[in-house]
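Chain nomenclature is as follows: A, B and C, assigned in order of appearance, with residue numbering initiated at 1 for each chain independently.
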């Protein structure tokens, strides 16, 4: 809508001519000027300028829907649209699985099982609907060259032995995964740009980016500090819009880094309690997500994978649907398995913390 | 007798203000520090770290504004401008159900009331009165805010406009920061005008960012200092130990204060004792 | 042309004053309006000077609006005249004003009673202004009604004009490559100073503070505005308290740089 040409908006002729004469061709050109500057550009009075802005705004504003219409659409498309993870506890907590049309993030230290989780999701999206899958293709953006078809098939064979006994199914499933290995951010954005078409053409039912952070850290070394956030912002809005318009689940992984002393975690009005009780809550090795707070704002669901008390846990750290719960899990030859489907309620700063204690530190 | 056409004297404004109802947040403690709830004719900014419950509170307000007049509400409608795609309609349905069950609990005799009242108390009815705009760029956001003036003229029963979040697109892709400041200050004045002219509450959800002040990094709301002046009230949501807290940071009429709140399966409610086991969402 | 024959002082083209006249003018006519905030009154040598443009600047939620609300309430409560309050951020709070008036003794040291509060509050007139064009319109109307002198709210004249905040009206128009915005700002400044001078008003405006980089802050309206106010006051509030600090940045009559602490009563 933002790039809609003014000429297609059916404005009153005198306004259309005025804008065309000043080379204001799109809604963006007109609306990103403050009123007084627009008056200067148009060399017009206040009533004319306001009329032009009102007309352009009405044309460029996206249509309004009621929440009820959204709900009905959701129901028509099949129960809100989820990709079930087959991890029963997690699916229940997320209201059925990974939501379609939204951005879901998996964050955790390296080696904890993020890629294992992604492989399992890729497999599930590729499986025929008859077996609970989405019967679609998967775009797997593999920035760290970690994708392994063999491992994915192994997960499949161990989790669904009865299905994978079928001749050629494993090959068929693996063939449905389109793996891209971009070498630079420019490469990545280019493939993303071409993707909307691809998605429609190939019945893609899942997009995985493993890992987003690796791609960004690649770029950070080149870019100057001030410019650093910019490509990330762009990629972020783009990925979100892909999720939304293709109505598919998008899963991205994020790495962790250790927290430096400079990281602000308090508002100025909280100052007096900064030195007090909060120190006690700091965990022995405190990690934070590599992509910063802006990224965290943008994801709809955040799953934190962490290890402490001798176990690995996956934690629903942010979700509009459910309170924060954690599930202990293990990585087996059949992929990720929950040790218990009964979630442990998590409260307070624990929700957002990411812990990584060696597996040897067993429960006392 | 007036010096300027359309101006009002403070006495008349006081009686107007006293007859105003406020939009409940769902939490009594939160309402208390806000002087009864979210006020109409004012712009309230709500900020906080990711996952603390900004969108939850936004959805809650979109539902609560619709509580019928006979149950102590405003009986208004809501406009929800979603810039981030975080509006989950199933969750809205749950919160509407939670709101209705609370109403029925407080008014146990409402079952005897006329069938029209019963019809109103359906989650579907609540959802039908939320006008939803999905915004995908800052241009669309500016367009939507401009268009609101006309839209609200045609939908006079709207009592709240929620923008979730006001920040997203302006942080993504606006390069000229000086121009961004000018455009944003223009927008904030338009929102002020809408709030006043249509007697409704404008609620802006804002993200946080880190800012270097007084020798250390601290959390601050996004979009810079210039934007920080452009709201009537500011509420900051944060974690205090294990609890969610809200801090009223700015208000022309109320003292600076903090209060705990909780996000439950039914929506935003009072925080109860720390040992309370949270309701699981089925 | 005509005005040359008329010795009257209403001539807009300016008249000549000699030093004695000016002194008389200052001592007799241009007295002070108290803000009711003790620290600020002391700092300003008694309060807001009539005929002057006073600016209060400070970071967000530092208490700028509270200074405005207090000044408006006190001037009204002491029956000094009518207050015109132009509000750009829906921050004029009548209940807050009522509370302040309730706690203010009048000229004779009596506390205001119910019916008096009504009268007092009727002498504070508030108008919302949301863009620069509306501001021009309002100031124009104000000037006309002041010049006609017909409209006098129950016999008393406007003595205080408050704009909270001027910078939110000017922020969308200054900067950029077109000169129109800047010239509008200059016109606003001229109109305000003219109103202050000709009608013996005290004008109080608030200005935001924005980041100047490296963690410091500066008033939002920059160099070209700096010369406009007679008095510039910067205030800040300590975290989680109602203790504020005020500093004189500029004062045409007093030394600048002096600082005082004051509390905003809750």
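As a convention for this text, a contact is a pair of C-beta atoms (placed from the backbone, for glycine too) under 8 Å apart; a residue touches a chain by one contact, two chains touch by 3 or more.
In UniProt terms the chains read A, C = RecA family profile 1 domain-containing protein; B = DNA repair protein RAD51 homolog 3.
Not measured: the values here are computed from a predicted model.
S.K.: Once the contact rule is applied, which chains count as partners of both chain A and chain C?
M.R.: Intersection of chain A and chain C contact lists gives B.
S.K.: Of the other chains, whose C-alpha centre is the longest way from the centre of chain A?
M.R.: C
S.K.: Between A-B and B-C, which chain pair shares more contacting C-beta pairs?
M.R.: A-B
S.K.: Need the CA-centroid distance for the pair chain A / chain C, whole Å please.
M.R.: Centre separation, chain A to chain C: 50 Å.
S.K.: On a C-alpha centroid basis, what's the spacing between chain A and chain B, in Å?
M.R.: Roughly 25 Å separates the two chain centres.
S.K.: With centres defined as the mean C-alpha position, give me the chain B-chain C separation in Å.
M.R.: 32
S.K.: Which residues of chain C are in contact with two or more other chains?
M.R.: Answer for chain C, listing residues that touch two or more other chains: 131, 172-173, 176, 240.
S.K.: What are the residues of chain A that contact at least two other chains?
M.R.: Correct list: 34-35, 37, 268-269.
S.K.: Which residues belonging to chain B are in contact with no fewer than two other chains?
M.R.: Each of 179, 182-183, 186, 213, 249, 256 in chain B touches at least two other chains.
S.K.: Mind pulling up the chain B residues that touch chain A in the complex?
M.R.: 49-51, 55-56, 62, 80, 84-93, 124, 127-140, 142-144, 146-147, 149-151, 165, 167-169, 171-174, 179, 182-183, 186, 207-211, 213, 216-220, 236, 238-243, 247, 249, 256, 263-265, 277-282
S.K.: How about chain C: which of its residues touch chain A in the complex?
M.R.: Going by the criterion above, the answer is residues 131-133, 172-173, 176, 178, 180-181, 184, 239-240.
S.K.: Can you name the residues of chain A that touch chain B in the complex?
M.R.: On the chain A side, the touching residues are 1-2, 27-28, 31-35, 37, 53-54, 56-62, 64-68, 70-71, 74, 80, 92-93, 95, 99, 101-103, 233-234, 236-237, 240-241, 243-244, 262-270, 273, 277, 281, 292-294, 296-300, 302, 317-318, 320-323, 325, 343, 345, 347-352.
S.K.: State the interface residues of chain B toward chain C in the complex, per the touch definition above.
M.R.: Residues 1-14, 16-18, 41-43, 178-179, 181-183, 185-186, 188-190, 192-193, 195-196, 212-215, 224-226, 228-232, 234, 249-250, 252-253, 255-256.
S.K.: Hey, which residues of chain A end up touching chain C in the complex?
M.R.: 34-37, 39-41, 46, 268-269, 271-272
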